[in-house]
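For reference, chains read A, B, C, D, E and F in written order, and residue numbers begin at 1 within each chain.
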């Protein structure tokens, strides 16, 4: 099995043409013709993740965030990204990014996985038509923002958990990752609460003005469940020839030192 | 004294042409020719702040954040902003916004005031030439990120305080408000730590990669000191004819309910 | 009945998505949930028209020209528009604009109404497909430019009537309002004469070069018939619960003082 | 003397780099090296003007309005412009256009000449710095809009004369030609009245709202005086070798048939 | 028969809406209503070609390259193009350009004609869908780059013939004219060799990197066969009323003086 | 000595801010802090040049053409550029590009070096002010295009030499590399002949129309002399610590196989 074979499976799960126009997804480093026996799934490609890939003998890292986001005019090793690229290229480790196309993927996508975890019903995209970004769904029984926040805390174990507003909850909007800017569409979709990461001051203020509660469980914690889900689906599809590993590195920059 | 007279003073303190090109500053609501006896200074114009202005008999609200940010194609009262505008217009209360021009103001500006509070020396703008946004300066004695974070916590009493990274601190970059995206210029300026608000996951990750510590004390808490400073300067300039009040409303959307 | 109920009827008559892309139509001032018993139809919202609405107890003004055309960065009462908006908002009078979507409306539209008045046959849009702007049709019996101009003068009673060119007329193009720039499409459509308003020197010169006659009966006079037509249709649709008034204010700026 | 020699004089009077960026001025037809003995000055190049040039043996037409305004992708004789160009090229008659650069010219410019005719004092540009478009100046003795309109009628003999508003006049703004869109700058410049051509309905309405009177004496009539003035200055500069003729053709499309 | 009649036939052969968006095709000079008895087909309109048209009494030149490519802001005879246009207009000779629409034409197009000459099979467009630019096809029997280059030399008699790379040839890409920039699509289409004109250094270098051979037979020589082909088809369609001549002028700028 | 030290010298010779806005120059691969003992100067970075650098132990390649021209969204080894970058990064060989800034450099620049070789006098830039692209100068004694072409052939030994036009030569314009598109500025600068590379059909045709002769000696041959000149200047500046090698690889894609 080659990297190209794995890419074919990945592109069925999360078609690249469903990525946002500003995004950069697909094979970013490596040789599609290279044979592959170990594959590592993660959210971010950091130095620790590359070390893990080297230790495990992984020939490909499948990451949620693009390693190369803005096109590069130079690859110089006085910059962190240049060092990472050099290390990967010389070690023969490829990097494949599935970003907003993975966010929007119906079954294994970031929002779909979080929706299953929170047992939401009747899920539909928060933005656009299927496959679209985010998810809106209903809880089985009416609950409260405080109770939902507690449940989110248990399930995701976030480094930080912030709650804005309160009240009864029937309809929930999800926007994992940097989803704090989804306040207006979440309110327009009739949600009682938005579960997201990276909530900013003005978005929180706007949510208060609109009567929408927000649970900010952090970018990392709201995206993290997709790793296991994607790894499992890849194991099912790739069979015994490729060992699929979930990264054990915690790449949440707020994970320690948060007060 | 009229609103126009007050505007003349405000424009000396924070010239409108030093605002960022995307910003919308100046008199946004009201009649420049109206006489003025009470003036309210705040960060945000919310319903509670308008109620305070009405109670105090204020004829003008001087706010940091523009009430009208994107130009309006309609003023309908099914939207929070339409309701606020109608209430202000019918109550005869004006609104003047000094935003990025106040951020950049040398003496009473958001960054300058925070720099004095933290007793930084040799302050210069973080972005651009004087008057520019943010501030870089040196602490009197070398300290640590943890100690500086504690000091920030005592001085600003933020609703949330997040620290990324650690180590010794000699040079400090400040970007009050939504300053988490100043990671790259702060590192380029040789800062050991950035004090800001609204730090997002990817900015935190980039800071870790660059070896820059970040203290996120929140958008509201890092901007709040400018209110007293601006009010005091306006009192000095406007004399006894105008009563200058600092808003007592806490408009931090994270102020309660944070975990 | 609420303003929102009236809007639903208006949007059936002149769907907002048929307006030109540069236009600004729809509810521009007011509260869609407000109950409504009196409605005033006019071409322009001026001080006199607002006084008329106040006197008649109208809760909504339906106007052809948008009161807010370019989005507003501020609403200050040192400007005529800021004063008008403040007066309307404080009096609780809404404003709904149907502009190029009303021009293009098949039955009650500006061009359709003028076409019926001039008894043109076989009408089709001058620009674009149905619903498009303007109208081209045939007179029942071949006439002359001079005779048609006389008939236009009798029917519309314009403040100024200007005729460029002459000759026999079989096919007539209409572009009510500021339609003097429709000379080239009118000639291309095979029209013998264009009836319009706001004809400028270079457009007149181009018409002469193309052998097209033009009757400029003025912006106001060519649009004015739409008021009665729209009012009548609204009466039919809204029933006895809402009193629909046609404005009695002449908002033609050339109405007096023309020589 | 050649056409190039004449161009050198014209470019001293009305430098091409003072034309508006959207304009197309300079030699548009002809051979700069051709010898020249007769030159015709006019506002527009029409069939009648070309016939006049042929009859008079003119080798160059100096026109105010560009014959070629938008660049041409084809020169075909099924269009009026293609026919005119062919006729000029085959007859060896050149065309030189001095348009917004002539409007802005300090001594012989369109606005300057009209200002002298109306005996305005202290003239300065209405738009921009010297050399700028239009003119603002004071009348020798305070007059009224009606009296000024009568004087304009006597001096310019326009085909149509329209007056909007009234009152006392001390400061007059001039924008000859299509100057009806100068209402806002004229009011901002403190003018009591604007003298212009091509006034449109919405500009007239805006003038009423701003308390500015407008005298629309027509595009042609407000520009016409520049022809004699430019011809005279060219005679002075070119000496006896070139005969300079002022066109006797009336190119006002409203000149006959106006009611 | 008129020029318009000929244009109808030309537009069936090479529809103008299949030209590239940046192109300028169609009747560029002349009168569509003019009667026509002699027609000259060529690649370029030069002084020699106009002289030939005059001598032959041709009323229309059908050229591959547009005489007017960028729209003209002036037609002055101090420039070669102004002189050519004047000469054509005064002689009553029209010019019709069929450029990228002729390149893409399925039967008489530049690439199709060259493909027939080289006896390629299974031709399909190199760029885009049918009708698209260039052609890819297979040789009847596998050959070599050197042998194909020799055959191209015999068939086209180019002023210069340059070969980059070598090896076996089964699939050939053609891009007559300035086709040296088709290296990447030719390699992507699986071609062994590209036959083109105007090959530049960096394109040649890229071809070497991609393992693609290139035979540059020159812009003129690769386009020249279309003249006879188009003339023949026009003769067939126009019948005996119009004499269709192929230009005998060699407009290859490299034709003499090449070393 | 480090790569950064060498870059400081290179930036004095050819300041990066004199490069064209569309260009991509500077350190494109490598670590500025790496120590350096061998440096290779060349025009292009090809596989053969990298092999040469490896064999010679070069730590830096200074190339005229940027290896990375358009920014890269991925570095995958199924593409030639991805393979080259991987090879360079893993071998620890840096790449520095001095392109249009080297073309414009006054002493060691591409045009300046060619001008000295051809013994031109009074050289000034062909495009823009000093430092600008290309060069215009005079020959010591009037010569002919044919004689100059012969001299160019002897000095540069080009793979192909093409001459368009002829006649006497006093003023010569140079545009080494892809300079065939400099025909219009060369004629405007009063040159009798342009010496360049990559001359295309339409540029040659335009040169004939303008009466400008052109000697196309090829992209590679007209640029090649800069290698020795730059290497010599670097030797002088860097002293004995760094061995500066001129590449012995001929990267002219037309070098063999040209007919």
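Just so it is clear, a contact is a pair of C-beta atoms (placed from the backbone, for glycine too) under 8 Å apart; a residue touches a chain by one contact, two chains touch by 3 or more.
The structure presented is a predicted model; accordingly, all values stated were derived computationally and were not measured.
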Shortest chain-hopping distance from chain C out to chain D: 1
Magnitude of the superposing rotation for chain B and chain E (Cα, nearest 5°): 180
Farthest chain (mean CA position) relative to chain A: D
Classification of the chain B:chain C interface as same or different, half of numbers criterion: same
Distance between the centres, which are taken as Cα means, of chain F and chain D, whole angstrom: 53
Interchain centroid distance [CA atoms averaged], chain C/chain F, Å: 66
CA centroid of chain A to CA centroid of chain F, Å: 47
Chain C, residues touching no fewer than two other chains: none
Touch-based graph of the chains, sorted into line, ring, star, complete or other: ring
Sequence of touching chains round the ring, chain A onward through chain B: A, B, C, D, E, F
Residues of chain D defined as touching chain E within the complex: 24, 26-33, 68, 70-78, 85-86, 89-90, 94
In the complex, chain F residues that touch chain E: 44, 46, 65, 80, 149, 153, 160-166, 177-178, 197-198, 200-202, 204-205, 207-210, 218-220, 251-254, 257-259
